[in-house]
Every structure is written in C-alpha cells, then in structure tokens.
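Note that the chains take the letters A, B and C in the order they are written out, and that residue 1 is the start of every chain.
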Amino acid sequence: MKTNIPFHPDRTVQAFYLFFIIHTSQIGAGLMGVPRILVLEAGVDAWISVLVAGLYLHLIVFIMLQILKSYENADILGIQQDLFGVWIGKALGIIYVLYIYMLLLTVIKNYIEVVQVFIFPEMPIWLMSLFLLSLMVYSILGGFRVVVGTSVVFFFLTIWLVFTIYKPITYMDWEHFFPVLQTPVPDLLKGVQQVTFSVLGLEILFFVYPFIQDKKRAALPAHAGVLFTTFLILLVTVVSIGYFSPDQLKSTVWATLSLFKIISFSILERFDFIAVALWMMVIIPNIVLFGWMIIHSLNRLFNAPKKPSLYGLAFLLFITSITAEKRVALNELTDWTGQIGFWIVFVYPLLIYVLVLLKKSMKKRHAS
Amino acid sequence: MSLLLPMKREQFLSSSKDLLNQSPDLVQKVFNHEGQSIIVQFIHYQVNKEQLEDEILEIITRSTHPWSNEGLMNKIPLASTKQENKMDAIIEQMIHGSVCIYIESEKEATLFALPNQEHRALNRAETESLVFGPQVSFTESLMTNLNVIRWRLDTSDLVTEKLIVGERIQSEIRIVYLKSLANTENVNTMRQRIQDLNISEVEDTSVLGQLIEDSSSTVFPQLIFTELPDRFCNAISKGRVGVMVDKSPTMLLGPMNLFSFFESTEDLYMRWNMGSFIRLLRFVSMALSIILTPMYVAALTFHYEIIPSTLLVSLGQSRSTVPFPPVLEALLLEILIELLREAGARLPTKVGQTMGIVGGIVLGQAAVEAGFTSNILIIIIALSALASFTAPSYLMGTAIRIIRFPMILLAGAWGIIGIVFALSFLVIHLLKQKSLGRPYLAPIYPFEWSDFNESIFRVPFQKNAKRSKALMTKDNSRYSESKARERNDVDRL
Amino acid sequence: MKWSSLLVVLFLLAGCIPKSYIETLGIISAVGYDLTEDERIRGTLVMYQFDAGETSTSQVVTGEADTSKGIRFATSRLTSHQLVSGQVRLEIFENELAKRGMMKYMDTLQRDAAISDMGYLATSEVPSEELLKSGNDEDRPNTGNYIQELIKKSIKEEAIPNAVLTSFLHDYYDTGKDPILPSLTLEDDKAVINGISLFQDDRYVHTTSHEHTFYIMLMKQEFDHGQFQVQLPKDALEKYHKKESIDQPGENALHVSIHELNSEHAITPSKGDPTKQSFKLKMEGRLLEITQDIDLKNEEAVETLEKEIAKQIKEHLQETLQVLIDNKVDPVGFGAKYNTQNRTNRVTKENWREQIPSLQVDFDVSFKLLRYGISE
C-alpha cells in the first residue's frame, strides 16, 4: 500500500462538498437523543458543554487538516503506515475499520429502535435492517461520487425539518436556564464528552481528503460543516431544555423526536410520524458514508475487491443487527462505540500530529 | 463483388430487371437513333414525371447525334447528376428516385435525381401542445425539417453532421449542434454512440434514443424527444446536441437533466414570474402525484393517528362501505385511470372525448355509489392523475405514473416507512443516472446554484447572463452583465 | 432482475406488519376516569367507529378496572372494533379520582408514543361518565368533541390557561410550580367550564371560581387579547360625571368592562428568601363598557379611572393569592422563579410546599386605558 493515493480527477469532488460530507456523517442517530444524555451529565447548563465541544471540534478539524496537509495526497491509512511501519500501520487500520463498523451498527440499531418505539412496535428488525442495508449497497455501488451525492441530496431533503422546531420554541420556558453555571465544571466536561459521542463521524475527513479537488479551499467547508453540526446540537439542546422540565427531560429518551410530537398541520395531525420516518433520510448518508469508508479501507489495506467486500459487509451487518434485541444491549453497544470513538476521533489525531511534527523536524535535521 | 456496367444494352436491361427482382414498376424506355441506343430507366412512382418529361425526355429526343454522357450532362438542366459504373449503386439510386440514362458503349451511366416524395406539409403539433408560442411541428421529411431548423437557426455556426445507420435498411441521421457553443465531449459521445450501433434498422428517433441511452433499466427517460422546432432549436442554441432521423417527426436532444423534462418553451415566452410559477406548479404537482395516493393508503392502513380529527369522520364513513383494503382500492382506481388514458389514446379524438365522460363521470360516480371505493380516494386519484399530465414530456409523465404503483404497494405493506424507503431508493436511483455521461440530477448534484436560474426557476432574462454550467458550453456568457444594467431612459432616477 | 423481483415478492410475504384499517378501529377520542364506590376506576370512552350503513359515527362505552390500561381491556368486550388511543384529544378526571394524584393514571399517556402530546386535560365535578354522556345540542359528532372544542376555544380566548398534556407535564415536573387544569361541570345537562382546579403536584385540591381564574392567569401568564370585568366603588368617579347626570348621581354600581387586554409582568423574588416576592404588573386595555356616564375627555378622569382599576385588580390579586396560599399551591411558579435567581437556599419540591403558607407577595399594578370605543 502506498502512502499517497494517485489523484484521479474523475473520482474527485470539489472542496465545498466537504461541508455536506462532514456534516451528514456527524448528524444522524446521535442527534435524536443528545439532549437527554447531555442533561443527565451537565444539567441545564448543557448548552455550555455544547459550545465547548464545538470549539474542541474545530481544533480537531484544524489538526486533522494540518496532518493531511503535511502529506501530498494521503489518507489516514497511508499516514499510519508511514509513521508506524507496515505492520503496526495495518493493525491500526484494522482498528479503524472495526470502530467504523461498530459505529455503523449503532446507527442502524438505534434507528430501528426508534421506528419500533414511535411508529411500528411490530416492525421486524430484519426487515428494517434490510431496507437500510439495501439502500447502502445500492448507493455505494455507484462509486464515490454517488456516495457524496447521497449525502448532499439527503441533506437538502431533510434540512427543512429544522424549521418545524419553531412550534416547540413557542412552548419554551426560558427560566429553565437560570441561574447559569449551576453545574460544576467536571460535570460540564463530562457533558462535553457526551457531545462528542453524538458527533462521531468526523474521521471521514481523514478518508475523503485524497478525493478533494482543490485542497487549498478545504479548510472553510470542513470548519463550516462542524460549525453547522454544533449549531444543530446546540439548537435541539437549548429547545429541549426550555421545552421539557429537567426531570421530564431526564426520562425522555429521544428528546429531539419528542419535540416533533406537538407539531401538527391542518392536513396532518401528527407530524412526529412523518419526522421519524423522514429521519431515515438523515440516517442514510451516515450509513452510506461509513459503509464507503469500510470498503475503501479494506481495499486500501488488503486490496480487497470492492464489490464482494461490499456484499460481505452488508451481510455481516445484517446478521449482527438482527441479533441482540434488547434495549440494554443497544445501550451498551452505543456506550462502547462512544468510548472508543472518543479516543479514536478526538484524542488520537493529537498524537499523530505530534508524531508528524517530530518526523518533519527529524527529516530537517537529517537534511542539514 | 458488384457487377460493373455492362457494355451491351440487352445485358443492361436484363440485369437491371434482375437486381430489382423483376419489379413491375421498372420503366425502361429505349431510344434508337442511327444504330446507337439510349436507355432511360426509372421506377415510375419514385420520380417526378413532369420534370422527367420536360427536362430529360424532351432534350434527348431533340438532341443531335451522336449521344454521349458529356453531351447530355451539358444539355440537361438538372443540378444533381452523378455518374456510376456499378450496377447495384445505380439500382440503389433509382430506388431513391433517380433516373438512369444508359448510353450503349459508355463506361458509366448518368443518374439524375428527380425524387418524388409524398409527405405531409408542416402541421400543428399534436403530442406536445403550447397555448402560447409557435405551433408548428416537425414532419417526417428530413429535408423539410432541416429547412425549418436552418430557417430558425440562421447561422453558419450550425453543424448538421450526416451519419448512416442500419445494416439492412439504412437511415440517414443528422447530428445538429452549434459549433462554437456545444461541448465537444458531448458531441463526440453522441456521435460515438450512434456510430457504434450495429443494428439492422432504426425504426424511429425514439428507438434510436433508447439504443443510445445511458441506462436502459430505468423508467426515467434520459434524452428528450420533441416534435416542436422551437423547443429543439432553443435547446440547440443553449448548447445541447440534437439528433434528427429521416422519416421521423420526433427529434432527440441531449444531454438532459431531470429538471429539463419539466421545462417547456412556453415558460420562456411568458413573463418570468408566470413562467416560474407554472414551472414550480409542475414540480409540486409531480411531488403530489407521487406522494398523495401512497399517503392515503399508508394513513388508512396503519397511521390513523395522522389523520386530522375533522377529516377522520368523513374518511371513516366513506371507507366503511368499501369491501377491500385501501391498497387494493387504490390500485384498482389507479388501473382504472390508466385504462381510461390508454383507451382514450387509442380511439379517434371524437370517440375519445366520449370515453372521458363515460369513464370519468359514470364509472367514478357509480363506483362510489356502489360502495366500491371511497369518494375521497376518487378525488386523490383524479388529482394525482391530473398532476402527472402536467409534465411537458409525455415520457416523464408516464414514468411518474408508473413509479406510483410500487410506491402504493410499499405503502400498503409498511406504511410511511415503506414510502420513505421508496423515496430514498428513488433519489439514489436518480443520483446514479446519467445523460450522455452527464449527471442527471444536475443543478442539485453536482450542486450549482447559478444553474437554478434556468432549470428550477425561470429568472428574468436580464438577470440570466451566464449559460448553464452543467452543459459546459464553450462560451459561458450570454451577454455582458454590466451593459445589461445600463439604462438609457429619458427620466433616469 | 429476476432475482430481485423474486426477493421483493418474498419481502411482501414475510415482512408484513399487522394492519389496522381505519374501519376496523374504535378510535378513542375522549376518555373520562371516575372513582367507583369500591375504589376502582370506571373509564368512559368516547370513540369513533365506522360501520357500513350506520349514520352515527360515535359510541360511548364504560368499563371498570384497576388501571387505566385495564379499562381498555374491560371496554373492548363491548365493541366489535379494535380500540386504539392514537386520536385521544381529551382526558377528563373526576375530582375524587384526581385527589389521589393523577400521574399514576397518566403514565400510559406519557409513555405511549401513539398518544398525542396535544390532548386536553380537565377535571370534572360530576362523574365524567355523566359528562360524556350528556346532551350535545350543538352540531358535533359527540360530546367529547364538543367539550374538546369548548376548551380549545376558551384557551384561544384566554379565558382559561393552556390545558394540553405537554403544559400539564411541564408544570408538574418543574420544581416550585404546580399545574392547573380547567374544571368542568354539568349545567342543564350540558357540559360547561366552571373555573379552574388547583393541584398540589398531581393531586387535585380545590376548584376556584371564575373570578379567581382571571387573576390566577394574570399572575401566571401574559395576556395578548383577553378581556375582563371589574366592579369599582360606586362613588369612585363621582367628580367626573357628565354635567347632565349630576342631578342623579349614579345609582348603579360602577362596572367597567375591558377588552383587548395586554399584560406584562415581572416577578422579583428577594435574595435568599423564597417567601418574599414582589410582583409588578403592567396592563393595557380598551374600555368596552362603563355603567356610569363619565366624561372621558377629561384626562384627569381617565387617570383616576386607571388608578381605580389598578387598585381593584391589586385587591383581587391579594385575595386570589390568599386562596392559593390557603390551598398550599403555587400555580404561578413563585418557587421556580426564586430558583432561577438564587443559588443558595434553593426551593425543592418538598420544602416549598411547607413554605407556601408564609408566602408574601408585594403587588404593584399599573393600568393604562388605550382607547375608549367609538362613543364619547
């Protein structure tokens, strides 16, 4: 495996698509329940945690871009191999793949759970999983450009859901936020960590970077994507805290979706049904992008042929998603993925950055 | 190995007959003068008799001896002449309406093209109709059509490349584009795809279109067929590539994107705000046409919660008499509408109108009264059928009506989840489509905000200085933007 | 292609979910809960059901059980339709039952995602069964629907506070705040709103009169376009009577009727002590009717009138507050307000109830007349 990926203009996309790629891979299942897990840790000051987490996200994006810029046209797999050698590099690559697989599984299982709770308690898990996976396979078969297109089009198809939040806003009680800073700082930091759990997916930047046409312009859309993610999380957190009483929020698992319950139109009494179903369209870019990352990584690491490994992945996901039916297991899976993701996405890049800097200075010394 | 022109006149006469399978329509007129003979032969309905008599026979009989090819060519006042020495080439020319003049002992025969083609005159358009704007439609004759196009696009920039397709029955095909505008890659793709065809015959433009389309498995048309010269020329002048096939009144245009199937030239002829309104109306009606019936099925089969309480009673009451589940009810009615459409299309216009009345009023009314369907569903189905007919492209309208059926089935099986799944599948499907290798969902993906001007909205011409980026035209600007802003009014503010 | 179409057929066969066709359902639109003599719950369900050839679309059924979900089982014996609760728009609790705390009966309302958050809640002085089976002389599908529209309209007119499930739960879960609900009763076999019922947490304690309803709302929320009447002392404006009516000084009581009422308020708790609060109220309104002939062109007269109205309102507010204190309830949320501004000595659900009796509120009311109608 080479460190750098040869640059094919036909297989690349313009830099501004990074906004959609990063944003849609971050927003997904996590957003449905983020207000509750935040409030459990950080209380009504959770919004401060979101802001802090947002700043940290920008830092990570900055560092990721610095790492990537120091190579010609490499992704994380190539960089790892360059830094740690072939074997360790490959092993780390496998860890990445496993982690993304878990993330993908979490997203699918969480959404199926939501559909069962809100719409069809009788919906068979295997069927829902088949629906989602068939869409994933169908999209990834189209290649990288279709994968990016999926994230762009589904972003536009679902972003209008944000505007329906005006109704819960009219029911908000601003007094819930006062007095500010009731929560001790350690709890706020725990809240920050909780935010990062629900915005996993940022690592996609490490994988798609070689496929960006004008790399000089990559920074703005990448930061904008993260900013918009932070904004959405902040929005639903603030509205949920105002709309629910703190105690009520702590017992509302899918707070964001519950916000939709009071929205109704004259031809549609219960908007929450539509919203939960449409959430599938929020999930699809997630699944497709993560699936692409796995296929792409396997191809890079082991030269695995793409089509068979895609079918293999879909089959494996299908089997793992229909086993373990209970909510407790799902919670455990979500927590585990969150913990691993935290270290991989939000701590590990710092380490790599240090190593890259060290290597650079070593080279300089060698040269002089 | 083709037969060369025989030197003996008997031989020529008999081999001509043989090559035309003893056709009774072959006329062979032999003139003898001082031992030298001259043969004029033609297929009698393929040539223009008056011209033949006035301009060939008359001159031959008057001309002085000895006859020679050169002498005849100089005397006969016809522009399209040709000399051939191969028998099968001569016969082919005759089939196309040439008169062959054979002079014994000459190595070559002379051919004069005097084709007599029967075709209709330019008429009003039938399948695509405009309320406002030019009404003429193309005819079956390629020459007439070329004439119309040349007249509309009055520039030397216009290229009409000639290609011949068909192994057994050949058709003449023209690729039409503006040389200084159309993207070379698009032209090449179109030419390449037509040249690569290895087929015995091409029946019509629409057949050719299907043969060269990017994907044959989808219901969505990828190239536009039109019979309107104004639409064709408008697309050419925007930088698209057109294809004309002889003997077909429909023309082909590419590359297209999904949204161009909802464009009508009428939008351009109307004021921009009316044009935009009508175009948006079409998009909305398409969305309704796809969503409405499946939503009805989903709501009545699974999601009674989403029905507003004011509607609940009337919906429930009208449903209570229906013996079938909503899926079946909806499918039945959809098929009924399709039947009406198909029957109306096959019948002569006058009978077709009666069909509409019988089907629409009598059947619909009776079906509700008999408790066969609920009257709310009748409204919904009629609305969505009507909406699907607003597409300016007949093929697109049909595609939309077809994808409704699987959506209704999915809605009946898994309610709103089924609908969202179907929509997602549809969107990914559209994302994967291409037209002449160009993305099908063009201004949305690849995202190009400035292209929304033309394909989704219809902004005023004053604000639309740039050409569509998706077409990758050689010249990007339509006019100078700064000049367009200048005002020379008397009372300038 | 062949394989995929085969697969699709397989899905259709294997993945079907139970259907609930609308005509097979008994769609519950209103529910009433009563306490029976033997301490069980009697539930009254108003439901829509659609049968061929039947013009009436609703039915009222009653069943007894120990839990609210149990009532569904108990009543489903009585109908051929499958009972579903996704369209419940109204839940009525009899006072006797509400006294025992409503949350345990509402648990399913909260937990079941099928149930709308925008259904109305109300309490009833008479058994809700009687209420829901009472006459419905308006052209409504059923009495449940009538009561629901009645409550909806009253909320819109700002005659009663918002009574949807969401706001009830919100107030219930908030610390230092109690929920309130509209109270229903029967008058001439017709359901009417007779005031609002006060709750300690989820336990019903008292129903206030109409008069107090307005003043509780004045404290609890801000008005946009409400209306109210107030009675002033007979001789409060004697000075400004129009000349011609001086001969016969007003023998009628002085009633003032205000509409287009707009109010703003600010509650300021004192530092460290939740029981001492001040309440500043600013009101604006249009004079609709006044029963004495006052010269409204005189600015002084208007000012005096405004002051008199403000004084009256203040008195009524004090009176109403006393009712609340007597019942140890805090629907206004004085405790919650205190919590938003103080980090020490915080109010909790437990200690606030004990502190309510010593609550002292300092009212500061100002009133402004905007326009006086079309006659002078």
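In this section, a contact is a pair of C-beta atoms (placed from the backbone, for glycine too) under 8 Å apart; a residue touches a chain by one contact, two chains touch by 3 or more.
Chain by chain, the UniProt names read as follows: A = GerAB/ArcD/ProY family transporter; B = Spore germination protein.
If you're wondering where the values come from, they're calculated on a predicted model, not measured in any experiment.
Engineer: Report back the single chain whose CA centre is most distant from the CA centre of chain B.
Structural biologist: The chain lying farthest from chain B is C.
Engineer: Find me the chain with the mean Cα position closest to the mean of all the protein Cα atoms on display.
Structural biologist: Ranked by how close its C-alpha centre lies to the overall one, first comes A.
Engineer: Distance-wise, how many Å sit between the C-alpha centres of chain B and chain C, to the nearest whole number?
Structural biologist: Distance between chain centres, rounded to whole Å: 66 Å.
Engineer: Could you please state the distance in Å, as a whole number, between where the Cα atoms of chain A are centred and where those of chain C are centred?
Structural biologist: Centre-to-centre distance between chain A and chain C: 43 Å.
Engineer: How many angstrom lie between the CA centroids of chain A and chain B, rounded to a whole number?
Structural biologist: A distance of 47 Å separates the two centres.
Engineer: For chain C, which residues are shared contacts with two or more other chains?
Structural biologist: Residue numbers touching two or more other chains: 11, 15, 17, 86-87, 116.
Engineer: Name the residues of chain A that each touch 2 or more other chains.
Structural biologist: 120, 123, 127, 264, 269-270
Engineer: Which chain B residues sit where two or more other chains touch them?
Structural biologist: Expected reply: 302, 305, 307, 309, 414-415.
Engineer: Which of the residues in chain C come into contact with chain B in the complex?
Structural biologist: 1, 11-12, 15-17, 19-23, 25, 27, 29, 48-54, 57, 84, 86-87, 89, 114, 116, 141, 145
Engineer: Report the residues of chain A in contact with chain C in the complex, numbered from low to high.
Structural biologist: 117-118, 120, 122-124, 126-127, 130, 171, 173, 175-179, 182, 243-248, 258, 261-262, 264, 269-270, 272
Engineer: Chain C touches which residues of chain B in the complex?
Structural biologist: Touch list, chain B to chain C: 217, 299-302, 304-305, 307, 309, 312-313, 315-317, 319-322, 325-326, 371, 409, 413-415.
Engineer: Any idea which chain C residues touch chain A in the complex?
Structural biologist: 11, 14-15, 17-18, 86-87, 113, 116-118, 164, 166-167, 169-170, 172-175, 333, 336-337, 340-343
Engineer: Which part of chain A faces chain B closely enough to touch in the complex?
Structural biologist: 13-14, 16-17, 115, 119-120, 123, 127-128, 131, 134-135, 138-139, 142, 146, 148-150, 152-154, 156-157, 264, 266-270, 273-274, 277-278, 280-281, 284
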